[in-house]
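One chain, chain A, links the two complexes that follow: it is found with chain B in the first and with chain C in the second.
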Partner chain A sequence: MSTRFPLISAKPSRLITVALSWFLFVAGACLYLYTAAARHRENPEDRVTPTIGQMVHGMFGAALTSPDQDVDPTQPATVVQRFSRGMLWKDTLATGRRFFYSMALLLPAVVLGLHMGLFPYVGAFFLRFVLFFDKIIALSLLPILFIAFGIDELSKIMLIVVGVTPTIILDTFNLARTVPGEQVVKAFTLGAGDFDVAYRVVLKQIWPRVLNSIRLNLKAVMLFLFAGEMIASTDGLAYRIALLRRHMGMDVIIPYVLWVALLLFLVDLAMRLVNRKLHPWFRES
Partner chain B sequence: MVSRVLTGMPMIEIENASVAYGSPLRPVLSGMNLQIREGEFVCVLGQTGCGKSTLLRLVLGSERPLLGRVLIDGRQHCQPDRTRGYVPQKYSLFPDRTVLRNITFGGELSEFNLFGRLTPRYYRRQRQLNEEAMSYLRRIGMRESDAGKYPDQLSGGMQQRVAIAQALLTKPRILLMDEAFSALDPSTRKEMQQLIRKLWRETGTTILFVTHNTQEALSLGTRIIVLAKESPDHGSRVALDLPVPEPCHEEEIPRLVCRLESVSQINTEVDSVPGRDSVSVVLN
Partner chain C sequence: MLRRTFLLLILLAGSSTAFAEKPSFTVGWSVYAGWTPYHYLARSGILRKWADKYGITIKVQRFDYAPSLDAFVAKNIDACTMTNMEALDMPAASGVPTTAILIGDYSNGNDALLVRNGLQIKDLSGKKLLLVQKTVSEYLFDRAMTMNGLRDQIKQVRLINTSDSDIATAFLSDASSSAVVTWKPLVSQILKQKGITSLFSSSQIPGEILDLTVVRTDVLNRPDGAGQRLAKALTGAWYELMGQMSGTGPSADKVLAAIAEGSEDTLESYKQQLSTTKMFYTPQSAVQFGSSADLKQKMALVRQFCFDHGLLGSNSQSVDDVAIAFPDASVQGKPDRVRLRFDTSYMQMATQGKL
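And then the complex of A and B:
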């Protein structure tokens, strides 16, 4: 059976690899366009599958018109002014601000996980509680959070804290534990103190892996952020998507979804590049 | 080199130390006694699982005996510190630091705290440390162009060379080496043995070298200690304590190898008297 077509040991050429990797994108787009065209032939007023033209128009509208009623649309303004007052920009800013607050709150989680992994007393104090906390379904706490913290920013940030920080704490904890004991002993014999070992040896070594772990959890951060925004907010990308659902505004919803995906992809890419640039010694295996 | 051994108090004293692991407790060392003087090059031999590394960790201070005590310069230590350098078999270098930064790390750590690098003195001292590290780099037979490499770009032998330089830069009084050359190929191993022997002569550091290779122990040490269990449910103790004649004659070696390798077997066959102290065999 030497002439059998190999599967695992197959070596596809570059052209075929590229073609295969883009196939589903093209097929998805074609299928959508075909469905949209067919539905519009039957009913020109169809709102479920907007055509490309409608989506471009909708997106320009979202980008250039202000969500506030008090801004007079007839007043002359440059494109930049109109864009900076537009829905898209304001929503992105609002969501972005919340996103960065939540990312900043992940740093204490990393520090806590590091200490839990290295200092047995800290580990004994926190580990069981964090493991328990990790099992709580964050979204089930949403009503409690709204009751306890009100429906303003704090409860949305708290939702992310409840949802994502236990994962980050436990990830960092495990990473800190995987650093070989020889390294810690070696650092002590070179004259290190406890905190030198924690920050100059262990944290420095696991930092690229911690960043990767945060990258993997970006989606969870966004998930909780969107849940919070959809239920109780007056701005933000998810608020807009939820609002447009009432008007069946698919011509804006679909571009918004793609825009969010693009933003998240860019954040992830930036983190990956920075990680590689800052840690040339780190090889993902 | 035996003349180098100073008279007076021993530097490392292990008194009746017992160590056991697991539950139910499985003894590793029981009632072990050992004294090491300053300037000695002691090789610890023994079969796998006989507690060689445990003995090293006792001296290192990363482990404490269940019973008995371990004194270094007459004091007990509860944690590894600068007086004892350490070269393990692997993971001896910090992967996030270049060769140069690995070697200077000892100086950085002992002179500057976490925020030390914010002071201008740090950068002045860094330059001095770099020069010192470069001279060590040449002494261990590495090129200056290797200084900027990361540990995973080096071969196993090179990594161990850097690890030795790193440990020696802080000028420890005792150097503890745990199977440090065991993962290296025979020719590299030979070079490393010559290197460590040379450095020992130059620095006069006390060295405790754990190995399972009898030839290696004979070519390195001034004194060889063989650990062996008297019976499977007892922990190990010093079964043979042998000063190596210096220089060791070539024709002596096969006889010594034979003698050292027979010790562990003798002790598992003969049911020794409990509480018996170490057998000291003095040649010449």
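And then the complex of A and C:
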């Protein structure tokens, strides 16, 4: 009997790899199309599972019609003008703005985590509280957030900050602790000061891992952002989805969800590329 | 020979009814003064008694409002409680023909427009207004502005879509929002705060926000007749309970307290909500309202609102695409596109004691 070929060492050809990696996409799409077709045969006005044509139509409508009814649709306008006034673009801008504000607020969290990891007094001061805060389910504190930050932009961004920063702080803290103590001692003997060690020795080494950790938390950021927009808002991608749900506008909701997935994927990809460019020595990403 | 076949047939028929499962149906309800009775109907055994009488099984399930509509449209449940507006813009507009078999009540003050600092309705332009958009709340606001001759100012009010689970705290804690449209018991909770007054309520548009029990038309028309038995059982049970609710004294209070329990509410609070709910306690009153010209007039307003706000779906080119049929067989909209029916025949049977 010949020795069994270990599957772990298999080297599938490029064609098979590509085919396998797309199989579930195709299967999912087929399953959807089959269901949609079956439901439409039974009820031609079905809105739960729109056909591709309906979704394309719905998405064109969302991209090219203005959410404000004061824009006169009969007035001539170029496609670009119509798109820039369309609800898809406006919603994306509103959500994108909130998203980047909250991403910017994650940077202080990284700095805090770094200091907690390196400076024992800072660690002693914050660690226990952040550990506790990390376990708080931010969504259940909404009424308090409303009282403290109103119901406008600030409360939505704070919801993300409260929900995601503790994770980032603790992760940076742990990463900062993994840097060998010998390196710190060595830097001191070479004449470095506290902040040289913190920013030029430790932060520089852990930065690619911190970026990875933020990348993994993108979805949490988006989840909190969507929750905030669904609770109280006048624009944004999740606002539109919440409104459309009231009359089963799945022909727009499904493309919107795919659009959000695409945007998130692009942000993730961009962060990965930046990480690779900035830290060519880092091989884990 | 003939006799033997006959006997055999009888035997077969007997055995098949004995062994076949009873047809089973699910009714979905959500918390609202006029719908919480379903909780008691199921718990007290009244519904089971009527279901047994008609040889069917009826399950009762509590939902949040929006998911109950989703479940009904997805055909996961057979009957559901909803307002006339949602019956039109959710199932009917999604191509799920729907029949209203019970007109339970109309909101007679349950929904209200509240403001801070003694604002007047003409001052709302440019101010922040919290509400759940594209629901009866926006309808109420639309009607309030229209009836005060401020229709052209509707677009100047900054509507903020706010989830009903957070709307009370959001409004109370954010002093920059000037107005809110919501419903009881949230309205009572908000009104307790100083400096908040009610500008407009559904008591000024009686009969426009109706609370119905609807059944999918294809369920109602099942060839085995079980759908009609469902409608009869629901109607019978409903009016038996209405009789108990409308009474006075400790026995009625006991029933009301048990109903209130269905929404974790107190007897006092529930009575307060009922005071602004015009219940049709008798089938006569419901039939009378259901066959009046009034109903058609109100539905004309509602369907126009739904169409203007795009709630009838992007495929609907005209308000007539989702048509409504009334008990006298008249139709609003295209006769070949009837999606919502008001059927008073079961309530009529209740008036004649034929259930």
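Keep this in mind: the second predicted complex is superposed on the first by the 273 of 285 C-alpha atoms of A that agree within 3 Å, B and C clash if a C-alpha of one lies under 4 Å from a C-alpha of the other, contacts with A are read in each partner's own complex, and residues count from 1 in each chain.
Everything that follows uses one rule, which is that a residue touches a chain if its C-beta (ideal position, glycine included) is under 8 Å from a C-beta of that chain, and two chains touch if they have at least 3 such contacts.
Keep in mind that this is a model prediction, so the values were computed, not measured.
> Overlaying on chain A: chain B and chain C, fit or clash?
In the superposition, chain B and chain C stay clear of each other.
> I'd like to know which partner A:I151 touches here: chain B for first, chain C for second, both or neither.
Only chain C is touched by A:I151; chain B is not.
> Once the shared chain is lined up, is A:D46 touching chain B (first), chain C (second), both, or neither of them?
Only chain C; A:D46 stays clear of chain B.
> Quick one: the Cα-centre angle at chain A between chain B and chain C, nearest 10 degrees, please.
In the superposed model, the angle at chain A is 150 degrees.
> For A:L142, is the partner it touches chain B (first), chain C (second), both, or none of the two (neither)?
second
> May I ask you to name which of chain B and chain C touches more residues of chain A?
C
> Considering only touches as defined above, state whether A:R246 meets chain B (first), chain C (second), both or neither.
second
> Using the superposition on chain A described above, determine whether A:G193 touches chain B (first), chain C (second), both, or neither.
In the superposition, A:G193 contacts chain B only.
> Looking at the overlay, does A:S233 come into contact with chain B only (first), chain C only (second), both, or neither?
A:S233 sits against chain C, while chain B stays out of touch.
> Touching A:G58, do we find chain B (first), chain C (second), both, or neither?
second
> With the two structures placed on a shared chain A, what shortest C-alpha distance in Å links chain B and chain C?
44
> Enumerate the residues of chain A that count as touching chain B in its complex and touching chain C in the other.
After superposing on chain A, no chain A residue contacts both chain B and chain C.
> Could you pull out which chain A residues touch chain B in their complex?
Residues in contact with chain B: 180-183, 185-193, 195-196, 199-201, 204-205, 279-283.
> Can you name the residues of chain C that touch chain A in the complex?
Residues 66, 70, 73-74, 89-90, 93-96, 130, 133-135, 155, 158-163, 166, 169-170, 173-174, 176-177, 310-315.
> Chain A touches which residues of chain B in the complex?
60, 62, 79-82, 84-86, 88, 90-92, 94-97, 105-106, 109-110, 113-114, 150-152, 166-167, 170, 172
> What residues on chain A touch chain C, complex-wise?
Chain A residues touching chain C: 43-48, 54, 57-58, 61, 69-70, 142-143, 146-147, 150-152, 230-234, 239, 242-243, 245-249, 251.
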